[in-house]
Amino acid sequence: MKLRILERLTVLFSWAAGFILLAAVFLLLGYLLVKGYSSISLSLIFGEASPLRALLLEERVFDGLFPAIAGTLVLVILSIVWAIPIGMATGIYLAEYAGPRVKKMLDVFFDVLSGIPSIVVGLFGFSFAVFLHKNFSDKIGPCLLISSIALSFLVLPYIIRTTQASLEGIPRDIRLTAIALGATQLQNIFLVLIPKSLSGIMSGIILAIGRCAEDTAVIMLTGAVATVGLPKSFFSQYEALPFYIYYISSQYSTPDELMQGYGAAIILLLLCAILFSIAYGIRRGLTHFAFYRA
Amino acid sequence: MSYSMSDTIKIQVANLQFSYQGRTVLRDVTVSFAENSITALTGPSGIGKSTFLMSLNRLWENIPDAHMKGTVEIKLQGQFRDVYARSMAVTELRKMVAMVFQVPNPLPMSIGKNVAFPLKLAGENNRDVIACKVERSLKMANLWDEVKDRLNDDARTLSGGQQQRLCIARALVLEPEVLLLDEPTSSLDQASTAAIEELLTGLKDHLTILVVSHYLEQVVRISDRVVRFADDTIIP
Amino acid sequence: MKKLGELFAERVFLLSALASSSVTIAILVFMVFMGFPMMREGGFYQLLLKPWEPYQGSFGIYPMILGTGAISLLSLVFAFPLSLGCSFLITTIAPKPVRRGFLRVIELMTGIPTVIYGFVGIFLLVPIIRELFQRGSGMCVLTASLVLGIMITPTMTLFFCDSFDRIPRTYLDAADALGASHTQKLLYVILPSARKGMLSGVILALGRAVGDTLVSLMLAGNSVRVPESVLEPARTLTAHIALVIAADYESPEFRSIFACGVVLYLFTMAVTFLVRYVGFAEDRNY
């Protein structure tokens, strides 16, 4: 009888847990949407400036999210540009060239790297900027370049892991097909293995993009500021969407600014939701494509 | 083909049809099985004998994309019951219609706990009752003498043949009325096979036994009747 | 005989791997280097045990260590039962159509940015806590732990589900054939076998909770006194770094954030090695 009670309680407990979690999510999203719904409009992004002229960089946007969105965009692109080549090359090395002992050792390094808190990575980026400032040039300080490099360190483990896992997941027969026909290891990698693992690698990249877009801790230490307009150069400070949201939450002075914060939160949420769905879709779609294509 | 004396029928299958992922595996199978007998099910590999067994304890319901038509009636606790009726709880069915698999599958627990597991599922927690039933089952499976001093050892330390007898003991502990065995000796050596065949022969006084088997000699050795599967149905 | 191009490519790959792995070390090195003067003067251990009182020249990070400990452990207290229950639902208890839908929701939740949790927390939860308990501003350990708990639940749930999926099929078949109900199968077969995997999941979640910055920064109040109850504000190591970064970088206050960084880094290493150890222990059993 005691066991029966335990089993019944387990069921009850599980449904309660599920309910609580769902309630929390819906509360969170609902609150955001209800409060911020009215702020969604072109003027949220472009302020008083005309959208077309702002996009063509002819007019400066003062009151809108455009600089922050643009800053986030540029930041993400730069970070990915640094992270993809090194990440993929490392993943290829781990999957195709490394011996078991080397692999184990490097595994530890990347496990640690993936666990390092983002603020610590940001701190590293900051110290690096200070170091450059003191030893190389007065003009270098926390900026877009430093932020993007630091962010790339943050997402490096994602790309390395997914590249490595996708390559290692290729079945033996496919692995050996080209080799048996006389291809070199390099040719095999680029002509057969990488194309076959593209879906896995892509979803890893998209996940990395999402991570870069949403991160606040790294950028707040390495160059993101509240109001500086569009980034002028790699060495300038910049605005970013997640930082703006954080800044507004503690520094808003008018209800309008708060509404902008809600709007920004909704836009960021939408952005991450889209990226995540794309990553998921790619993983499902390309697998289907790879299996059923002639 | 049914027997003239209907009160010795234990299992009655009518017009059974089974399809999996669009492919028909069994078509229009009608057959009865007598009480307290050992029936061997034979036929080429992959023809659906295992599937047929699973239709008797509804284990195929865990497989996605599988469909079944037809009726299965089993005489349980004195009454013929439709195995697929709403009133038949599948967990209760499986306690009365037990199954042993081709590859022994002891659970990751001690020998004693493995055999006692069905008792736990049924809500039995009186230690003496449990100990008594475990001993009884292990004796029926001809395994008691070999394990009585090490009931607390992990079940996976037993040899293949012993593990299979353990699974049989475990299947018997709730005193089922039907025992289904899917090629129970195909992963075992000669000696273990003989041990299990002997034990099955001894059990038929208590149970109705269905054995799927590939080996003609085995079939001849132990069974009272042979049902052959060919194409997707039964040869009467 | 490998062609020159092949050798070159291999070297390039190797170099990338070395570069990536050296980043890990570089981060630690930089932090020790920058914080070194402070540590040399006061001694590292002193730093860890002293309270933060700038006017008395004491720059210990002890209150922050406590703050991090309190918030992350409390968030685990909230997250563990939630994750357990949700993983039960997804694996066995809920009916099949519900399972997939719920799984998708949980997967999507892992994509919600932390800053948004913080943002909604400030405007939704803080006033509620303030009203409910009538103490302080509503920004305290409790608030931060609640939100952090919800935030790490999806990841922990997915991890648990993964551990459950790794149970060998034979055990599940055996349980089914013996007439076990879904709940019985879960409690008596799946759970006992998945214990080690679940432990890894909890350790990793703890790592994430300790490493979080935004939620604690925005919701825990950031006071430098040691919190005496969950309703008092606290500061975590991570939030401390974010707050003090604006200070003059020759000052001792500034150096203290590197001490925080080192502590966090060492904690990360501990988590990594612990998870590996538990993982190996698990492999030995199968």
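Letters A, B and C mark the chains in the order given here, with residues in each chain numbered from 1 onward.
Note that in this section contacts are C-beta pairs under 8 Å (C-beta built on N, C-alpha and C of every residue); 3 or more make two chains touch, one makes a residue touch a chain.
Quick caveat: nothing in here was measured; it's all calculated off a predicted structure.
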Shortest chain-hopping distance from subunit A out to subunit B: 1
Result of counting contacting C-beta pairs for B-C and A-C, higher pair: A-C
Most central chain, Cα average position: C
Per Cα centroids, the chain farthest from subunit C: B
Centre distance in Å when subunit A and subunit B are each reduced to the mean of their C-alpha atoms: 54
Computed distance of Cα centres, subunit C from subunit A, in Å: 18
Approximate Å spacing (C-alpha centroids) for the pair subunit B, subunit C: 49
Shared interface positions of subunit C, touching two or more other chains: 181, 184
Set of subunit B residues in contact with two or more other chains: 120
Subunit C residues within the subunit B interface of the complex: 170-171, 173-181, 184, 188-189, 192-193
Complex contact set, residues of subunit C against subunit A: 2-3, 5-6, 9-10, 12-14, 16-17, 19-21, 23-27, 30-31, 34, 81-86, 88-89, 93-94, 102, 105-109, 111-120, 122-124, 150, 153-154, 181, 183-184, 186-187, 204, 207, 210-214, 217-218, 238, 241-242, 245, 249, 257-258, 261, 264-265, 268-269, 271-272, 275-276
Partner subunit C, residues of subunit A touching it in the complex: 6-7, 10-11, 13-18, 20-22, 24-25, 27-28, 31-32, 35, 85-87, 89-90, 92-94, 96-98, 106, 108-113, 115-124, 126-128, 130-131, 153, 156, 160, 184-186, 210, 213-214, 216-217, 220-221, 242, 245-246, 249-250, 261, 265, 268-269, 272-273, 275-276, 280
Interface residues, subunit B side, partner subunit C - complex: 57, 59, 62, 90-95, 98-99, 101, 103, 105-109, 117-118, 120-121, 167, 170-171, 174
Contact set on subunit A toward subunit B in their complex: 1-4
